[in-house]
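Structures for review follow.
Okay, so subunit A shows up in both of these, paired with subunit B first and subunit C after.
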Partner chain A sequence: MSTDAAGLGRVRASAFVAPALILIAVFLVFPALWVVLLGVTNYRLTGLAAADPEFVGLDNFVSALTDGRFLDSTWLTVQFVLGSAVIGQAILGFTLAKVLHGRVKRFVEGLVILAWILPSAVVSFLWIALLDRDSGTLNTLLGIPGFPWLLDHPMLSIIVFNTWRGTAFSMMLYGAALGNVPPSHLESARLAGANGWQQLRDVIFPHIRGHILTNLLLISLWTFNDFTPFLLTAGGPDGKSEILAVHVYKVALQGGELGYGAAVSTVILLINLVVAVFYLRLLREQR
Partner chain B sequence: MAAIELRGLTKVYPGGVTALDSLDLVIPDGEFFALLGPSGCGKTTLLRTIAGLETATAGSIRIGDRDVTGLQPGARDVAMVFQDYALFPHMDVTDNIAYPLRIKKVARAVRAQKAREVGERLGLEKLMDRRPGQLSGGQQQRVALARVMATQAQAFLFDEPLSNLDARLRLEARTFLKKLQRELGVTTVFVTHDQAEALAMADRMAVMENGHIRQIGTPAEVFQRPANTFVASFIGSTPMNLLDGVVRGDTLEVAGCRVPVPETAAGRLADGEKIVYGVRPEYLSYAAEGPIAGKVVLVESLGASYLVTLEVGEDLVQVTVPEGREPELGEAGCAVPRPDRALVYRDGELV
Partner chain C sequence: MGLRKRSLSAVAVLAASGLALAACGQSGGSGGGDAIELTITQNAISGGKNAAAADHLTKWLIPEFEKAMKAKGKNVKVKFVPNGVDDEQYKTKLALDLKSGKGADVIDIDGIWAGEFAEAGYIKPLAELVPEADSWDGWAQIPEAVQGLATFNGKKYALPIGTDGRVLYFNKTLFAKAGLPADWQPTSWQEILDAGGKLKAAGVPVPIQINAGTAMGEATTMQGVLPLLAGAGGEVYSGGKWSGASQPIKDVLAFYQKIYGGGLGDPKLQQEAKGRDKSFAQFAEGKIGILLEGDYFWRGVLNPQDGVAKMADRDQVVGYAKIPAMEPGKGIRGQDFVSMSGGALRTLNPNTKHPKEAFELLAFTLSPEALKQETKGNVRITPRTDVNKEILTGDPLLQFISEEVLPLTAYRPPLAVYPQVSVALQEATAAVVGGTPPEQAAADYAKKLEGLVGGAANIAS
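Here is the complex of A and B:
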């Protein structure tokens, strides 16, 4: 059989693909390469190095990987991803999708989707209003005026915030996945005497394994690169909630060290790649 | 092995649909019992209620000497073969067969041994390491059967076990299932909408309609003496002739003809009563002279025989005729009922 099913020929076929390729090249490939290039210079936002950046080799990378602030930031990001994406969004989303039925389910779905589609700026403002130490809704409800949530528990605050924000996606994805589990398989397990956990382990998880991994891949990467927490805590106090996306912003744009920031960005890109490859490997594995 | 006893079993779905209406049924130990009926008659609901997958609204279910009405499916000691077999796609054949044993915490080696024994018995020994996706429909069905056998349950429940097989394989599987059930001697209830399947396999069967059991009996009883006009019209590969008539002394006036009162109803009819005269095409013979005279309007081949449709007055009467003796279209001919096989129904019930 010919590989040219549509009979277009190489040139015309390429013309169809070209617009997409050009867009990808201009907006994705070129900036990514540009960042890698910047990472090996001492380019700055202002000053002498802005006018005449010099090639500094791997200096930026070396100083990033030996910088306590960068390493702390990476560790905070890991906490943020595990806490708000994997444990928060995925487990809470799955539980909601599994437990809720009928009218309650539609109601909760409506609420969580609202949280998901509101613009970050609006949502952050709502949360600041919720968590404000003096006149915040939460403190009023709990009767503890003056409790500084964002100062005393900055990581917990942004983890709960991001869980609240993103659970809708996981809930909907798992809701759709659970609908595809054949009822007869669950019933077969029930007849064998399987309890709730055994049904999850032997029927539901194997059936939705692909959905779980895809979900984890997406929300891990989204959360890893999420900048919205900056709007709540600005990385503070004292860098205690400075996750990597915030860290890059601070060093590159506030600190003006574009070359160093680009190097850190490249490292983030590599971490993302590793995470993605890890999940895709699992996904491709023979079940 | 145990008998199954249903008393006043009722199932009303939320929304008010009554799927089972106060059913009483006793299935003795070791019997191969068929539940037959058109779609929506409640046969699958009945099977699922016995399994515990649906909870009964009222009534009781006993399996052996235990009342299982309120028990979870897993505690009822029954095993079920689902229409789609419900094999777990991520487990190989051995693990699938041994799954119920694994839930019962049987040791791994014992499980594997048992799975191998049952698998060999069903001719699966070369397939034990395969996944369900790598098996044909017939092989998947045998794995599902093996899983059921490995449980050593008190009763087996089959939900349309043959409907996912192609026609040729279905016949083979029918014989196989019947033989297997006989050898195992385990009480088995199976649901089917295919009357040929029920007639061929079952020791006894129940014909259901709208949540009621319309007749219980052996296949021969149900075929030869349907208890009511519903069963009469439902059972049989060619539908039974059901003709309105009136009792006239010791004969019946049916479709403008006079036929003798069948032996089965002799002495139990009053003069002038309205009745329905029922006789299967197989129990009518075609002749030049006879009580039901008409004109041949249709001749259909059934393979080794022909189905001849006679126009008798305003009614149509169907007769089966052996091959080689089929009449010409338009010919005048008569149908002669077998006196011991013709039936009379009064108000829809057999007299």
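Here is the complex of A and C:
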């Protein structure tokens, strides 16, 4: 196979990709390096250290990795990703795509996609109205006025919220993937006496393995870095729903510790890379 | 990558609002020949937070100022950039604006931010920007203590907009139900707790609301910890040292425990993201018996005309009392009663293209005419003695504060590290409300304090 299918030659090919590479350098590589650089200073939003930041070496990283709040926050983020992305969105999305048919399917799909495309600010106000302890819709329906969902079960609340919010993507992706499973294979399996679970395990999953992994990769990373729960609980009460994206916002922008926030961001970046590499490895094994 | 996308998008939003401000402020020359364009910003918005201030600006001050400038032969256009958010968010936005060399020409800041903004170089001494600032004729009318709010390292960085004082508000209807007097004036903390107990017995849902926790931000420190600390005879900073796990701090935290551990307050309200707004609404609805707040609560919250939680019968139903010391004579300076005061400042953006005109606008907002007009429908304590003498006679609470409370009040230390210490104090109250014993919370606070103020040498225990 020719290595130069378009026949452009090295120089012209480079000229074509240059704009994209420059954009990536300016908006992705440079900010990333800048964050790493900030992470080794005591840079602050206000005060003396804002005018004249000092180099502090790895102090920020050491204090982040030994800080209980950061570790708690990481653990909460893991719960959030497992609960709302891997279990919630992926399973619910798959179930919706698999089970529903015909008119019901189109109706439910419409609702699910609506939850996905509404702006976060609007959606979070709706959910606050739903979960408010004094005059929330849910408490009125259940007849338990005063039950503080967002205070007593902050993680459960944001996990359910994010599942509701993000299921559409998984549903559509699985919907498309299921269309690719050859009906003849399913038919043969059924004739051979395979029950529902066996069909799922031996026919459907092998066909859509790539889709599942891609889906999990994307929603894990999106959820890992999702900031929307801040609009529901503001990380509270007392940090009980302070996932990493919220943690960074709080220390860097509200607390003004930009240097420390940058160090935490760098650590999060590394965690993201590890997650991405893990999924990509799995994907490659298949091919 | 994803992370940066998120946190950067947060920064981008803030930065974009900064750009928008800058676009308004510094795009001079668009239309109107060579009009000078100025922008002024406050955490106020018509129909929302501090609505009266926003309306005063757009309906009276800006037209009058433009007219006055025209009379001097200058074509000046002023634009108001409203905000209606929590003070912490407003501060973040301002800091980012100023850091990036943008922002409105005339900005309002809380007095307590002056130190850290000045150290960062975000604001400059007024005289450096406008030489005539020090000879402004208004200074003669502003008391020393109020001028001190705008002073950092001996230099004036802003004009003070006013000052305030904190009192205990109570609902006379609920008090009558609980058999408590309408002219209630507790003389010790125990009497507050006793009243709370009686209110509880009379079926009041939330007998006492004293702000706690981190969700309320500085409102916890200023309307909770610090007035109580003053009542226990302590100061957060005095004689060059910060107060660590001292007896007064422990007393304050123990008082919190008695309220929130004893069912006299609503611990959940202190944790909610919008807890302070909710406490306002609940007081207005007659669900809270006693609440510690500044005069803003009377002017801006319960105000029957334009408050955020209007109370039509405010003048009949709401009583107020001085905050007692823990026990008579136990407060700072041996006082029986205590309070805390703060005050907002109005200053110039050092990046302004028209410092002279911007200062004229700044000074105009604090001229006697402007202050009298501003306070016509909504009285507050202005920085000017000449104006106060005329306007405060109409409002019993403000007269009470200016005559009875301001003489015994105290101010926060104007130091850059204070806001971080304040957060540590908020966390200590959050811990106590959440069930941590006061001794433990005080020890945790002292440990955190060491990291903030540079070691144990700067802490008095």
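Heads up, the rule we're going with is that the second predicted complex is superposed on the first by the 274 of 287 C-alpha atoms of A that agree within 3 Å, B and C clash if a C-alpha of one lies under 4 Å from a C-alpha of the other, contacts with A are read in each partner's own complex, and residues count from 1 in each chain.
Everything below uses one rule, namely that a residue touches a chain if its C-beta (ideal position, glycine included) is under 8 Å from a C-beta of that chain, and two chains touch if they have at least 3 such contacts.
Quick caveat: nothing in here was measured; it's all calculated off a predicted structure.
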Check your understanding: Fit or clash for subunit B plus subunit C once both are placed on subunit A?
Key -> fit
Review point. More residues of subunit A are touched by which chain, subunit B or subunit C?
Key: C
Check your understanding: Does subunit B (first) or subunit C (second) touch A:Leu244, or do both, or does neither?
Key -> second
Review point. After superposition on the shared chain, which partner residues are touched by A:Ser14: those of subunit B (first), subunit C (second), both, or neither?
Key: neither
Practice item. Check whether A:Arg133 is in contact with subunit B, with subunit C, with both or with neither, and answer first, second, both or neither. Key: second
**Study point:** Partner chain in contact with A:Glu187 - subunit B first, subunit C second, else both or neither
**Key:** first
Exercise for review: Scan A:Val203 for contacts with subunit B and subunit C and give back first, second, both or neither.
Suggested key: first
Review point. Could you state the shortest Cα distance, in Å, between subunit B and subunit C after the structures are superposed?
Key: 33
**Study point:** Intersection of subunit A interface sets (partners subunit B, subunit C)
**Key:** none
Exercise for review: Would you pull the subunit A residues touching subunit C in the complex into a rising list?
Suggested key: 28, 31-32, 35, 44-48, 50-51, 133-134, 148, 150-151, 221-222, 224-227, 232-234, 236-238, 244-245, 248-249, 252-256, 261, 265, 268-269, 272
Point to revise | subunit C - residues contacting subunit A, complex | key: 1-11, 14, 88-89, 92, 95-96, 99, 113, 115-117, 119-122, 213-215, 268, 271-273, 278, 416-417, 419-420, 423, 430-431, 434
**Study point:** Footprint of subunit A on subunit B - complex, ascending
**Key:** 51-53, 72-75, 78-80, 82-84, 86, 88-90, 99-100, 103-104, 151
Point to revise | Of subunit A, residues touching subunit B in the complex | key: 182, 184-185, 187-194, 198, 202-203, 206-207, 287
